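Below, each structure is written out as structure tokens.
You will see subunit A twice below: alongside subunit B first, and alongside subunit C after that.
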Partner chain A sequence: MADTIETALRSFITENFLFGDDSRTIAGTDSLIQNELMDSTGILELVAYLEDHFGISVADEDIVPDNLDSIDRITAYVAR
Partner chain B sequence: MCGIGGFLAKHAPLAQGEGLLARMTGALHHRGPDASGTSLIRGRDIAQIGLAHTRLSIVGLEDGAQPMVHGETFGEDDRLTISFNGEIFNFVELRAEMEARGRRFRTGSDTEVLLQLYDEMGLDCLEKLNGDFAFALWDAREQRLVLARDRMGVRPLYHTLHDGVFAFASEVKALFALPGFAPQPDPIALDQIFTLWAPIAPRTPFAGVSELPPGHCLVVDAQGMREHAYWQLSFPDHADAARDADPARVAEGVACLLTDATRIRLRADVPVGAYLSGGFDSSLTSALAAREVPDLHTFSVTFDSPEHDESAEQQAMVAALGTRHASVNCGEREIAQAFAEMLAHAERPVIRTAPTPLFLLSRLVRDKGFKVVLTGEGADEVFAGYDIFKEAGLRRFCARQPGSRLRPQLFRRLYPYLPGLQKQSPEYLAAFFGAGADDPADPLFSHGPRLRGTAAAKLFFSGDLRARIGDYDAREEMAASLPGDFARWHPLHQAQYLETRFLLPGYILSSQGDRMAMAHGVEGRFPFLDHRVVEQAASIPPGLKLKGLREKHILREAFGDLLPHDIAQRTKQPYRAPDSAAFAGAHAQELRDAALSPDALAATGLFNSGAVAKLAAKVARGGVSGFRDNAAFIGVLSTQIWHARFIGEAGMRNQAAA
Partner chain C sequence: MAEPAFSQHEGGAVPAPPEAGVVPFSATHLPAVAGMFAQTFRGGAGRSAETLRRTIAQLFLERDAAYADIPSLVHVNADGRVDGFLGVHVAAFECAGQPVRVAFCGSLMAASPDTDPFVGAKLLRRFLAGPQDISASESANAVSQGLWTRLRGAVLPDYSLEWIRVLRPAGFGIALAGHARPALRHMAPLARPFDALAGRIGAFHAPQPGPCTDEEGDSATIGALLERFSADAVLRPEWSAVDLCRRLADARHKARYGPMQARIVRRGKAAIGLFVYHAHPDGIAHVLDIAAAPGQLPAVIDHLFAHAHARGLVGLRGRTRPDLLEALLTRRCHFSHRAATVVTSRDPALMDRIRSGRLVINGLAGENWMPLIGHDFA
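Here is the complex of A and B:
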């Protein structure tokens, strides 16, 4: 389950935030903000993607870096 | 205001010296459409000197022709010959002082005042000048060529050493007149533009071409080249800067000096108009000018997009001042259509479209018969108006209490015009602004988020360009070039220095200022950039400039009565134009295809074509909204167009080589 989520997430991030440039390796714990992968628009795109793709509903109070600022955190959040 | 060019051939006269000067004046015709002139001089220690000039007649209409000689009746070895671009605004006072000392003048021009002042004082004359200028002066007595540029970097001056010939010009395009001159793009300059928005002087986007930095003087003689700064921006130590000052007295001093700075910038033998954006700064310069000029003409840009448009504020000021106003509307289509021509004048990649509306505005000014305009440029740097100053203050405020959920909410108040930020949680706001992660002791702390956000656009650089840039870091070079006492300044002053020293000359005054105005033979004049105003403002306590979140506080105190209340108290709306959105849709398809096709990208080799194709497709569908992606798209597009114009197969490079 977590593997599937992570694979989908990596593909979304590479396609959407790196415009398909897969030469960069992103560790599961890398901060998406600190590594310039995501800005304030990006976070809203990410939430929309999570809701559409995984059929979950992301509450406003859940939109915090603790839940969404790395691939590991997003995976754990979606799997929860 | 004019265009200058020329060369110095040390060992032997050039076979085609006259032709070279003629091609230089041809390339600079737009800067000086009223007249042109050239001089070829044989030196004693130097084989040959060439000076070229294209003239925009503003002061001394009848007798200001250039290149101008002082000492015509002297022997050839005693003459001074100058090619001068710009204005010496205090030439009236300087001339009166010199006449009192017994000097006599042949002409009514500021050029002759400069020549005679140099005759008296040599290089020390630079410190007496209050003006915006770039000049080349051949001093036959000393057998040296002197190049100098104004303190703030209003007027441009570029130079290169090509096949043993030293050549210089107001714009790089005139250097393409040198036979075989064919510069490549400078990868480090591209890295700097994609980080700081502009190259760090003396570097330019053309490898081997240098810019004379603002406030610098370059002497070329038989011994070689020596450059020195005759002026530098400085601020008091933190402890001294925070000292108590009587706000009323400070405001009075500001009002007095800015009024004078405006007054001497109205000196011209042709009518002077004013830009009027609807913001506080240009409203103030227009109001000050309107006191001196009956029937003042003002000019502005309006936008289709409500988020960029300020026509309501412009109309309020026009009504309040009773000026005769004209405006040009700028929609997405107009920006896309004029973008390539704008770049031909900017001569460098840009990461925003904002120069384009100013290009269209100067055309309007020219069509209305004006050659000179006052603008409010510089007020945000000098009196702390930019959001980035408030943002830096808030980030420090947040850093003092990490984890506070209350403090980061203030970022929303800072950027009411950015809808994306309004929806963010305090935690994310703190993260985006590096409010916990950035080290407040970092000299570039104030600009951290902007530099990071822009540099993220380097994602689109090709592997080859990345390899050529290697581990170079533009931020490191910027930090390394700061003055020794920088660390002792107040944080606001540090941030002001970074804006005024790097972005102002590197982007605002060049890409948005001189090059856009001179594209249509219009001279911009900037009362806020009078060095007396700049020096006075630097000495004002930081809390009087940025008071809480009220920017330019002391200016509002000094001049509030002069403007309608709403304008005087209006929070700054940054000057922006539609970026990638201007290139969405069918009207820009041809341009996108030509600049960003796989073939075009392969031809420059500068960008990752797969990633650019995806970005371009996203833009075509309706534009991108994030800061990084907008910067990336405009940066890539402008670099491609710039390359095609100057470097590539059909570019100027090969015309020169042919």
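Here is the complex of A and C:
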């Protein structure tokens, strides 16, 4: 389950935040904000993707770095 | 009532301080919001000015009770500190004859947008989830424009350009430079001989006023004319519900742009249009609004240019809209993009109607009349 989520997330991030450049390696714990992969617009893109792709509803209070700032955190959040 | 906010930690959801997250703006947040506004938009100047606090309170706290369900919003961090703000101005509009509530979102700001981009995203998301029929902004910068489009907002390109008409080229250059270095404005007299020479060249001939005259407009007359001139618009304010006297009084507070001119344009005895602009002597006019009777817009624009030239101004700038764009294209104007007009509605039928015709959502109808745009608070 977590592997499936992570694979989908990596694909989304490569396509949308790296513009298809799959040569860059992102560790599961890398901060998407501190590594300048995601800005405020990217956050909304990510949230829309999570809602559309995984069929979850992301509440306002869930839009925090603890849930969305790395692949590991996003995976854990979606799998909850 | 603010909903509780939680931070997700390894052990599960942990309650954050009672007011953390996105909450309605209240008087207790005012000093922090004023300080953040001064820091974000005025380089720190006027951060403790009472006039700034008063203005923010009037615009965003002292509002019609009918709009209490669409409040301005602040973001409070886990330490209880205000680190984001989104000012909301709600107004009664008509869309194809039906009453609608339009919420304008301005002054979107975050204390640390680079290190905490979550704040702006959450504020705008919450705002757009509100009960208003239509959400709009006429002052979206590149960042907030990106946020809007990600949240299915539509950018209106025809309403998002700035037009510029140069009247006196040398003076215009000095006035532009004076925005960055105000001391350069004292050089304005040096430009006059060059501009006198340029005035003999075709492109910079003095604009001719044509057969029209103009006079100072009072709020009642301006209100009646705005209503008449916008009769064919698919979306326009319910002008009778607008306290235009107060709005024009607010609009006068634009110290950066200069004193305001609100003029009615007449052909014979008939009022065919109006314009409102701000300008310093020897400066560039910031046009807040232009309105005209059907078919009279070219004459009103020509009169506006002539009026500004006769007052010694060096140029004009303002916001486009489709009918203006058409008339300005043949009047030696230049166009650039500074801030976007964006609009969205959750109702697809409403969006279809919005896309079907003329919109009156800028200038006195929108948010650019607010003193927060163009005023210095001391």
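The rule is simple: the second predicted complex is superposed on the first by the 80 of 80 C-alpha atoms of A that agree within 3 Å, B and C clash if a C-alpha of one lies under 4 Å from a C-alpha of the other, contacts with A are read in each partner's own complex, and residues count from 1 in each chain.
Rule of thumb we're sticking to: contacts are C-beta pairs under 8 Å (C-beta built on N, C-alpha and C of every residue); 3 or more make two chains touch, one makes a residue touch a chain.
The shown structure was predicted, so the numbers you read here are calculated from the model rather than taken from an experiment.
**Student:** Applying the document's definition of touch, where does A:D60 land relative to subunit B and subunit C: first, second, both, or neither?
**Tutor:** In the superposition, A:D60 touches subunit B and subunit C alike.
**Student:** Could you say whether A:Y77 touches subunit B, subunit C, both of them, or neither, answering first, second, both or neither?
**Tutor:** Only subunit C; A:Y77 stays clear of subunit B.
**Student:** Classify the contacts of A:A48 with the two partner chains as first (subunit B alone), second (subunit C alone), both, or neither.
**Tutor:** second
**Student:** Quick check for you: in the superposed arrangement, does A:T29 touch first (subunit B), second (subunit C), both or neither?
**Tutor:** neither
**Student:** Touching A:S11, do we find subunit B (first), subunit C (second), both, or neither?
**Tutor:** In the superposition, A:S11 contacts neither subunit B nor subunit C.
**Student:** Who does A:G20 touch here: subunit B (first), subunit C (second), both, or neither?
**Tutor:** Touch partner of A:G20: subunit B, not subunit C.
**Student:** Tell me which partner A:D39 touches in the superposition: subunit B (first), subunit C (second), both or neither.
**Tutor:** Both partners.
**Student:** Hey, what residues of subunit A end up touching subunit B and subunit C alike?
**Tutor:** On subunit A, the residues that contact subunit B in one structure and subunit C in the other are 33, 39-44, 60-61, 63-66.
**Student:** Which residues of subunit A touch subunit C in their complex?
**Tutor:** 33, 38-45, 47-48, 60-68, 77
**Student:** Looking at the complex, which residues from subunit A come into contact with subunit B?
**Tutor:** 15, 18-21, 23, 33-34, 36, 39-44, 60-61, 63-66, 69
**Student:** For subunit B, which residues are in contact with subunit A within the complex?
**Tutor:** Result: residues 418, 420-421, 423-425, 427-428, 431-432, 437, 452-453, 455-456, 459-460, 463, 608, 610-612, 614-615, 625-629 of subunit B touch subunit A.
**Student:** Where on subunit C does subunit A make contact in their complex?
**Tutor:** 3-9, 16, 21-22, 110, 113, 115-122, 124-126, 143, 146-147, 150-151
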